[in-house]
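In the two complexes below, chain A is the common chain; its partner is chain B in one and chain C in the other.
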Partner chain A sequence: MFYRLSGVYHTRYSQTRQLWPIPADRWQVGILFALALLAPLYMSNLYLSSYMLPWLIFSTATLALTLLMGLAGQLHFGFAAVMAIGAYTSIHLTRAGVPLEIALLGSGLMSAVIGCVFGAAALRVKGLYLVMATLAMQFLVDWVITNVTVISGGATATLQTPSVRFLFIPLQSLTARYYLALAWTVIVVLFILNIKRTSFGRALVAVRDKDFAAAVIGVNIFKYKLLAFFASSFLGGISGAILAFCFYKAVTPSQFNFDVTIQLVAMALVGGLGSVIGGFLGTGFVLLIPIVLLNLISWIVGNGWLNVSTSLMAHIPMMLYGAMIIGFLLFEPLGLAKIYDNARKYLLVWPFRHTQS
Partner chain B sequence: MSYFLELLTNGALTGLMYSMVALGIVLIYKSSGVLNFAQGALVMMAGYGVWLFTSWGLPLWLAAIAALVAMFVLGLVIERFLLRTMVGQPIIMVVMLTLGLDVFLRGFGPGLLGTEPKQLDIGLGLAPLIMGDILANRTYVVGGIIALVLVGLALAFFRTRLGTKLRAVSDDHVSSWSVGISVEHAVAVSWGLAGICAVAAGTMWGSAQGVDWSLTALLFPAVAVVILGGIDSIVGALLGGLILGILGSVIPGYVDSLVGGSTRDVVTSVVILLTILFRPYGMFGREDIERI
Partner chain C sequence: MNHTDLALSRRTVLGAAAAASLGAALPVWAQGKDPIQFATLLDFTRVYTFLTDEYSQGQQDYIKLLNLEGGLDGSPIKLIVKDHASYPERGIALYNEAKAAGAVFFDFLSSPVANALMPRADEDHLPMIAFAHGRADAADGQAFPYVFPSAAIYRSQAALLLKYIDEKEGGLKGKKIAFVHIDSAFGKEPIELLERVAKTKGFELKLYPYPVPGTEQAATWSEVRKNRPDKIIIWGAGPGQAVSIRGAVTNGIAPKNIYSVIWLSEADMSAFKGNEVVGVKRVTLVNTGTETPIVKRIVEKVVNAGNGSGDKKRVGGTYYNIGVATMAIAAQAAKLGAQKAGGPVTPEKIKQGFEMLKDFTAEGLIPPLTITAQDHQGGGMGMISEWDGKQWAPKSDWGSAYQDVVWDLIKEDRAKAKEKK
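Take a look at the complex of A and B:
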């Protein structure tokens, strides 16, 4: 229907090789981008700052994680620590007078280097042991940030982000912060979309599917695993810095603890590993659905149809979140991206039920 | 010197208490190859269970037995409805499933019974046990003894008929099927046994620090114990627990005052990292050989 292929003739190689060969995909992406670009005009400040902004920034973090977990197949359970390194590095660099543009790059590099140190140590092992090693990284980084007062200013201290300007625009207004986050999102999306089409991306996929087999056909698995760790940690570090500057504006160590790591992995999994649209859908789902369902339940309770104690009420988001992870793993292990893909494939051949082949 | 000995004793006792949690993880991993990240939450649920039954006026031993039955059933239910569908799925699925269960139970237990820590009195008193010039917490001493008994029971259990089946299943699922062993049954039994370990751990840890969601944090040291001792070794869980407990008590005892506290988590993390770097299969674990 919408995705109709009839009348779409690709007469040049460049046309079939473009990112979205089907026109329907292109105008959808265009509409979404226009909507995102115009969001400050039609969205209230509350929605923009408390839903749209975290959604975009966490999506970039999820995309960075999905590059590592979905494309390269390396499990990482310390991604919040990577973001924390980026956030703290950027704040300390800008405090030292470095402009934000360079501080962002520096924070990405710092995260990438530290991530690679742990990655190199962890890459002797795989699977479950890699989970454990990255878990240990999460706790070590947490501890260092919390206990080294030069970094965090103390266990309970919050570190304000200094007022900075990005490309000569002061980052005080919500709109400016939103556009910085949006720009970063666009960069990450284009990077991840295109990486799948390069030899680097194909090597990562080969390593993911079976690393020994990849080695047999001449892929240097250690190099590519390390590169995957580097690229993913780089993006994750900058996302952490953007999160600090655009959303939190004051960071504490607890904003990057192990629960955030679980949340990021859940976002990547619920969305569908390795998928870009899945990264956005999963992040939105994990961030928003518990809030929506909680509002629904409190509305039911408010009408007196159901009696729920306050302590249960306080824990319902957590239960929903856990149940959601379990439910997706049981019923749709490939995530929301698969649901989207099914719908798209259905519409591609509509009104037929399936293609003839 | 006596300071050192006291740290050593208390560390060893804490380590034995860790072993109780770790034993549940080992039992499940041995039979099904699943690393159960929800064991901390199971311990918490068991603690809540014992507290709930005692608050209904049951004596402690009866409450413990009731909790044993409840946790055994909970283990069976989790295996039947969640983990069985995960056979043959990638490891990330299994890890996230147990983590999701952990998150769910962390909301479920306190949500139903209230967030405030529940006092679980097991009638040991608060007076410390004095051995020479060493003070030890009575709860920890009893917990350590229970841990030793549990490990002994687990070792003995693997010599019974059912235990032999479990050993066969841990060796190879397909060949166990081919000689007529019900793998599903064996895996379910091991989840039930892990539930029983959780009751012991939940009771002792609950009486030591109160029953609330913080019991789920025991998962992290227990995972370190399992990694250190070897993920499929019962003796490893015991010795790993002892070593981690001693390191986690002696090192913070001397270093905490210098760096400002909570080095115990660092010791745990470093133990995990070093073990994975130099001996990924742990002290007593079976070395896996991977084929294409």
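Take a look at the complex of A and C:
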């Protein structure tokens, strides 16, 4: 019905190979993009700054992680550290007078280089052992940042972002910061979507599925594993810098501690590994659902419909949240993206029921 | 009566009904003034769980008492209590929500969230209290005009311990002092002060960091034992504190030689059997127990009337009374500010009210607190108390220590921050 495929004829290769060959998909993407673009017009500052902005930025970080975990199959449990390197690099560069545009690239490069050093462990170990190696990165980076006062900023351990401009636009207003984050989101989304159709992306998938099989068919695993770490850390570093400049406006070590790593992994897993829409859905789930539940329960208690202590009131949302994670994963183990995918596939052939694949 | 009046009174009734359902306002809403909203966004579920329940209970009980006694010139205070779980991004979201709902005063009780929100609160001109936590330079009213630690900051607490050793425990000169601390910004904050005082007073300072979250300290304590220090200062919070004391005791260190930062409660100490830990000393910034007039009245009018916000046993505990103190200070500031300028309570007036506090003791609950536009710490007074097996018994009078050194450090921080901008 919505996805009417009859009458859609591709007469050129470029048509079949475009990102969204089905018109209905193009419509959906277009509407979503328009909604995101117009968000400052119809959304209150509260929703824009507290929900939309962190959701977009954390989504880019999740997408960067999903490039590594979902496409290349390399587990990474130190991604908050990658973002921290990016954030601290960008803030120190801009403080030294480097323009933000270059500082962002610099932060990406710095994260990529350090990320590659730890990623080199992936050349020897796989699976859970790689988790340990990247975990070491998380704790090492955390330790270095807190203990080297030149990086963390002395006893107070908080660095304020200086007032900067991006492409001659001062990043003071919420709208400006939102559009910078949105621009970065669009770049990352297009990058991840396109990477799947390149030889690079296919090589990553081959490495993910079986690395020695990939080596047999002529994929240089050494090169592609490192490249995967490089690309993912590069995006992660810039996302960290964007997070610092557009959302937090300050950097402290606790913004990038181990818990954030776990959150990022959860975002990627709950959303669905390797999927772009899953990155957004997973981030929304992990980041926003707890606040929504919290406000819902506070509202119920505030209206006197439920008489519980403050402490229990604070814990009920966590119970619901935990139940929701289990519920969703039982319903569809492949994540939220797969639920979307199932619905889409059902509609593709509707009213017929045959949905092979 | 025209429509606006009707709408206004209806909103008032609704607001008051909401406040009443929180148990916050009882007789005052008959007077029909809009409630003043204080937002206490705390961490009930993740890092600060060891104290938040008790602390928030103290805050809620005090606000109930205040509303029973007429609120702030007839306006009841409504607390917005929510859980940010120490996630800075969630703290920011809840802060924005509370701001939109009209909250005029904030408390976060979590260093990560407070640190993330201090610059925002300053930008938005909304006053916040950071009682004995958060960044050291918050004490500097020039750097953060809207942030009020309102109690001895960590450096001042360390100074109080040193001064006590110097005056009552046979002097600092020639002593070996071990500083056993959690390896985080909070744990490292007093180091600069300790080093400076070590130079002038001539004692030997040894640092022993242990890793976050502090549940594993065995290696650190065997290291401490090797060096045989005369006095030991422990600097941690939550479960790590009991682990520290356990580590000290099992390594043969006498409890009387252990000194702690403020975060060491009755519950931490009661976990030890018998006289094992009698003699441990701690910085105290708020009187414990139920003897001070405010807490007494809370017991009479709120708790015994069956309106307490939590477990009766916790009333009068260390963290409970700290919660009471934070709200008492904030309410006094709001009162002073509104009296001076007249009209309804606004964030700006609360800020000015804080800076008008002079020798405020909350009826004997806290040491005299005097806040000025420069000094948001308020004098840095406190006392040393000792665990006697049942409670924290005072061992000294209220006083402050080495404030010149504390302020030298704050000024240096400010100079550094300026350099970087």
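Rule of thumb we're sticking to: the second predicted complex is superposed on the first by the 327 of 357 C-alpha atoms of A that agree within 3 Å, B and C clash if a C-alpha of one lies under 4 Å from a C-alpha of the other, contacts with A are read in each partner's own complex, and residues count from 1 in each chain.
Keep this in mind: a residue touches a chain if its C-beta (ideal position, glycine included) is under 8 Å from a C-beta of that chain, and two chains touch if they have at least 3 such contacts.
Values in this document were obtained by computation on a predicted structure and should not be read as measured data.
Once the two complexes are laid over each other on the shared chain, residue contacts for A:S311 go to chain B and to chain C alike.
Applying the stated contact rule after C-alpha superposition, one finds that A:S239 touches neither chain B nor chain C.
By the touch criterion defined above, A:F212 reaches chain B but does not reach chain C. Contacts of A:G302 after superposition: chain C is touched, whereas chain B is not reached. Applying the stated contact rule after C-alpha superposition, one finds that A:R124 touches chain B and leaves chain C untouched.
By the touch criterion defined above, A:Q160 lies against chain C but remains apart from chain B after alignment on the C-alpha atoms of chain A.
Of the two partner chains, chain B is the only one that A:L140 touches; chain C does not reach it. With the contact threshold set out at the top, residues 143, 146-147, 311, 314-315, 317-318 of chain A are in contact with chain B in one structure and with chain C in the other.
Here chain A touches chain C in the complex through residues 44-46, 49-51, 54, 58, 95, 143, 146-147, 152-160, 162, 247-250, 252-255, 259, 287, 290-291, 294-295, 298, 302-304, 309-311, 313-315, 317-318, going by the rule given at the top. Residues of chain B touching chain A in their complex: 35, 82, 85-86, 89, 91-93, 95-97, 99-108, 110-115, 220, 223, 227, 231, 259-263, 265-266, 268-270, 272-273, 276-277, 280, 290, 292. By the touch criterion given at the top, residues 69, 75, 77, 121-122, 124-125, 127-129, 131-133, 135-137, 139-140, 142-143, 146-147, 149, 210, 212-213, 216, 262, 265-266, 269, 273, 311-312, 314-319, 321-326, 329-330, 333 of chain A touch chain B in their complex.
Across the complex, chain C meets chain A through its residues 18, 21-22, 44-45, 52-53, 56-57, 60, 81-83, 85-90, 92-94, 96-97, 99-100, 111-112, 115-116, 118-120, 135-137, 183-185, 188-189, 191-192, 309-310, 409, 413, 416-417, 420-421.
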